[in-house]
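First subunit A sits with subunit B, and in the next complex the same chain sits with subunit C.
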Partner chain A sequence: MSRRYAYYPGCSGQGTSREYDSSTRAMCQELGFELIDIPDWNCCGSTPAHAVDHLLSASLVARNLAIAEDMDVEGIVTPCPSCLKNLKTSQHRMLRPEFHQEVQRVLGRAVRADLPIKSVLQVLVEDRGIGWIAQQATAPLTGLKVVPYYGCIMNRPPDVMRFDDPENPMALDNLLTAIGAEVLPFALKTDCCGASLGTTRRDVVARLSGRVLDAAAAAGADAIVTACPLCQMNLDMRQAQINKANGSSHRLPVFYYSQLIMLATGQQGERVGLDKLCVSPFSLLESLGPQAGEVRS
Partner chain B sequence: MNIGVFVCHCGSNIAGTVDTVAVAKAALAYPEVVFATDTMYACSEPGQAGIIEAVQKYELDGVVVASCTPRMHEATFRRTVERAGLNRYMFEMANIREHVSWIGKDKDANTNKAAELVHIAVEKLRRNTELTAGEFTINKRVMVIGGGVAGIQAALDCADGGLEVVLVEREPSIGGKMSKLDKTFPTVDCSSCILGPRMVDIAQNPNITLYTLSEVESVDGFVGNFDVKVRRKAAYVDWTLCTGCGECAAKCPSKKTPDRFNEFIGKTTAINIPFPQAIPKKASINAAACLMLTKGKCGACVKACPAGAIQFKQEDEIVTEQVGAVIVATGYDLFDFTQYGEYGGGRYPDVITSMQYERLLSASGPTEGHIKRPSDGKEPKDIVFIQCVGSRDKSIGRPYCSGFCCMYTAKQTILTKDHLPESQSYVFYMDIRSPGKGYDEFIRRAMEEYGARYIRGRVSAIQPKNGRYLIKGVNTLMGDQVEIEADLVVLAVGAEAAKGAPQLAEKLRISYDTYGFYMEGHPKLKPVETNTAGIYLAGSCQGPKDIPSSVAQGGAAASKVLGLFSKDKLASDPQVSSVSLQRCIGCAKCQSVCPFGAIEMTQFRGMTKASVIATVCQGCGNCTSACPQGAIQLSHFTDNQILAEVHALCPY
Partner chain C sequence: MPATTLTNSYDAAFVAEVRRESEQNLALCYQCGNCTAGCPVSFAYDFPVNQIMYLVQTGRKMEALTSHAIWLCASCETCTTRCPNDIDVARVMDVLRHMARRENLVAEHSIHAFWNSFLSSVERYGRVFELGLMASYIGKTGRVLTDADLAPVALRKGKLTFKPHDIHGVAEVRDIFKRYREHRS
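And now, the complex of A and B:
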């Protein structure tokens, strides 16, 4: 049975992580999730808003929540952990009645702020189950050695996010194992990549993301798998910069998990968006043989 | 009846929010009150003298003191009226401190309530009768539960005082945690050298009966006369025959048995003697690992044992011991750190507990005292110690300080330097707590003479890196992040209540706190007593404690028992139930509700009647509320007395 969710794409899905957005939509369609865009959604305020003003940040979020409340859906989903954290934190803050009132005043309308808010990853794992997903993997990614990289905010703070283990999350590990990939133990799975410091302090990103790349390579991984647009950008788009700064020579493709699920369920093409990755994955995928789908673009 | 009322100020504790003069004045209007006054400290020497003087001057027959809780001073004032020549039960107490002045701020309302409580007490006192305590003989044997250093001390002191002692320990050997330690702070003397002789004394003392591999099954009776059933678990070895030669263990093929004594570092055999100094030095079989007991084939130990002691058919045995007092010394257990994901949640072999590290340091441990990493057996060079693991952390329900980890961590850094002079120790700490004698000096020695580097801050992650570990943390003094690469990480796991502590408390009818540690009678004045007469505490079962404090408590508990047993008879409490034969219809309802088994059904002129065994009755009063006839009445708390109290409060 198909399940209906209000979909909050997030700004990066419109730009730097289009392939995450398109592969997520395609994946959900294949796996029986109906995603309905929140009409006229607005930016959640990202990092800057909540860094300066909680009321501003919550009001930006609440507008989206209010629109979604008029839709006939089970809850709100978003692929982006950063959006997720803003949506959930604002909802959490609105548990305080005075703050809730204040937000409604700014908004000029009522908002219940009680719809469940989850990541796409969470509904996939919770609504469908790992076993079921394994059955859908008609083109399992046998031979692909990966490390899952969750980033630092997907499960934190645990009291707000309420999904998976904040120190040793396993959702991606289990999912990737289910679609046939070989998942290697990865101690840095919840480390910080440097996040938005990529624009202001490249040296920090070179150090932090550099470590993630080093550790992935040391673990023997062919590729890194993420669920976060910012992590993906730092590790993939900046990989050459990082190599230069650190004197390393990594060439590790950095996939979104949604792309790999598409491949494993036998889908390819534009919606998967493999050609959007900066570090090309094609020779790696070819080396796996035909099961992983004829992935030539 | 002439009644005198004394309203205490308790300094400003009561007088601050209760008009004591007005309460005394109001009391004069209550029936049969011939004298009433306020008094500064009723319990003080002049306060008590004032009561005695008034009893004599006004020919009082009964006294009401309005002051603190009876738990504080009922016994004091009963002695006072006795000295004044009255029966000690011709006394009532009105609690106007805990029940009034400490909980209400409105002085008028408080004064009113205090006066009403005095009224209640007067009405009850008018119906009091003189009661006299009987006497019963006591059994001067004592049971000590738990054979750690606290229990050992208590048992030896009791035995030296001439008492017969039964020591019950659930492990195969006594010794507790101390027997696992290498050296001890703050003197760094060898743990087994100081504990070992005491353990031998236990085995050799003719006054001590030792049951190891045993647990308390049930406890009946009361102070002076407890009946304790002890389950002696099957060792599958006849200990009367076993000589402790160890031939069996040498031949046992089940060599991969988890080694409890060595904190699961290394393996042992299914049949074993846990450590060389074990007392008793007897072999026992771990049934889960034994090939004979699990698969029905093997029996190598039977062939090896020169004494023919192996008995696969041995079963648990229940023995009953009669004792007059019990000392509980069941110690503590260690916090399971795997719930901390940031320390690897138990996934990394070289992230170990402090107790595992003690076993690595110990010459009789699995590595014969060589510090080796569990993963590859290599000597570590850089070692990180993390303190407060499972202590002082509200988020995991452990807000308390375990007290001894700061000290043992410093000790372990000192021993590390002694073993591996080239090594470097780092200690992540929150605060250093070292208030004992010579303790802070000891910490300074670890830092200054042994070069341990102390970093004030918490660790956020431990990550494997190229065969070593990267420890990420914060240095809160420098306001900076720190990263240290190390070969071994030792977690100073905190103390928690011993496994099964609440269940044992319920058998003994003693109370325990939220964390399972046993409650002392009074946090300051009764540190080794409990609120159950005849049951005492020693050591870390009451809260984490180091060895000196545990030993001190073992001795203190023993002296309490010797004090109790210095009398041949104890006064029985006359506040017990009794049955009116005319009224009793023999329905036995009382018998079914009595939690102490104090009621028997007897035959009286062909009719069934209830009868109370006065020495067993604890005066709880359950039976009096269950009896449909009002036939069973509790002295000092009869239905008439309680109704009179209610009427005093609600006259209409």
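And now, the complex of A and C:
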């Protein structure tokens, strides 16, 4: 049975992470999720809004929640953990009636703020189950050694996010194992990459993201797999910057998990968006042999 | 840290304000240092996050609000997740930024300028327009070379758009900013 969700793409999905957006939409279609864009959605304000004022942040979020409340859906999903944290934190704060009132005044309309809000990863794992997804993997990624990188906020703070373990999350590990990849233990799976300081403090980012790349390489990974557009951009697009700053020479492809699920279910082409990755994954995928993912560029 | 000066005398109003805005009981902090142990940006902080908590507990407003740490905090929520007393430490950091901003005590101008540029983009178009955001940030800080090396890559990969992603309801978003400012003034 198809499940219907209101889809909140997030701004990065229109630009720097368009392959995450397109592969997520395609993956959901393949796996029986109907995603309906929240019509005319606006930016949730991301880190800058909550760093400036919680009322402003919640009011920007609330416009999207209010629009979604008029849709015939069972909840809201977003691929982006940063949007997710903002959406869920604002909803959580609106449990306090006084704050809820203030938000409605600033928003200029009523909002219930009671729809379930989840990551696409969460509904995939909870609505479909790992076993079922394993059955769909007709082109398993045998031989691909990966580390799963959740980033810092996918599961934090735990009483707001309410999904998986905040210190040792397993959803991506299980999913990647189910599609045939070899998942290596990764101590830095929830460490921060410094994305929010990407433009302003490259020294901080080079150190934090550099640590993630170093650890992935030391673990023997061929690639990093992530569910966060900010982490992906930091580790992939900035990989050359980071190498330069740290004197390292990593060439680690950084996949979105949705891209790998598409490959493992035998899907290819533009929607998967492998050509959008800055560190090219093609020679790695070709080295896996003919059965794995059947990849061509 | 310097010995007693005028700036580090106890400011009770400040303590009450942080407590009210963050909805956290700061007195619960017993300085175990767990927050700092897990803080990824600690190496760049002037005061580690447990010391920021101490500055707040002891009412040392100026030192807390003029610190660089509150701006460098990456909002990663590790401290909040690991505090044994369930203090939402990341929220306290957020609230200190709010206060520093209101009182014109911002220590990290480029980060502040970037956030302002980001929010102007949201106010103007309803969504973030990366190219416009970078142009505005460069205009505010003069940091022309910031990420200039990424532009050709982003362009080649079709990840930079030259047209703002404006939305139909942009007037509604502008009204949110307008009413928020009225509410806060």
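Rule of thumb we're sticking to: the second predicted complex is superposed on the first by the 295 of 297 C-alpha atoms of A that agree within 3 Å, B and C clash if a C-alpha of one lies under 4 Å from a C-alpha of the other, contacts with A are read in each partner's own complex, and residues count from 1 in each chain.
Just so we're on the same page, a residue touches a chain if its C-beta (ideal position, glycine included) is under 8 Å from a C-beta of that chain, and two chains touch if they have at least 3 such contacts.
Here the structure is a predicted model, which means the values were calculated and not measured.
Under the clash rule set out above, the superposition-derived model of subunit A with subunit B and subunit C contains a clash between the two partners.
Of the two partner chains placed by the overlay, only subunit C lies in contact with A:K276; subunit B stays clear of it.
Contacts of A:R207 after superposition: subunit C is touched, whereas subunit B is not reached. In the superposition on chain A, no contact is made by A:P97 with either subunit B or subunit C.
In the overlay built on the shared chain, the residue A:P166 is in contact with subunit B and with subunit C. By the touch criterion stated above, A:A218 is placed in contact with subunit B alone, subunit C being left untouched. Applying the stated contact rule after C-alpha superposition, one finds that A:C192 touches subunit C and leaves subunit B untouched.
By the touch criterion defined above, A:G289 lies against neither subunit B nor subunit C after alignment on the C-alpha atoms of chain A. In the superposed pair of complexes, A:Q14 makes contact with subunit C only, with no contact to subunit B. If you count the residues of subunit A touched by subunit B and by subunit C, you find the higher number for C.
The contact surfaces that subunit B and subunit C form on subunit A in the two complexes overlap at residues 166-167, 191. Against subunit C, in their complex, subunit A makes its touches with residues 11, 14-18, 40-43, 45-56, 59-60, 63, 85, 102, 105-108, 152-153, 156-158, 166-167, 190-192, 194-201, 203-204, 207-208, 237-238, 240-241, 275-276, 278. Here subunit C touches subunit A in the complex through residues 40-41, 43-44, 72, 74-78, 80-81, 88, 90, 94, 97-98, 101, 108, 110-111, 114-116, 118-119, 121-122, 126-128, 130, 134, 137, 146-147, 149-150, 153-154, 157-161, 165, 167-169, 172-173, 175-177, 179-180, 183-184, going by the rule given at the top. The residues of subunit B lying in touch with subunit A in their complex are 340-342, 345, 347, 461, 463-466. Subunit A meets subunit B in the complex at residues 165-168, 187-188, 191, 215, 218.
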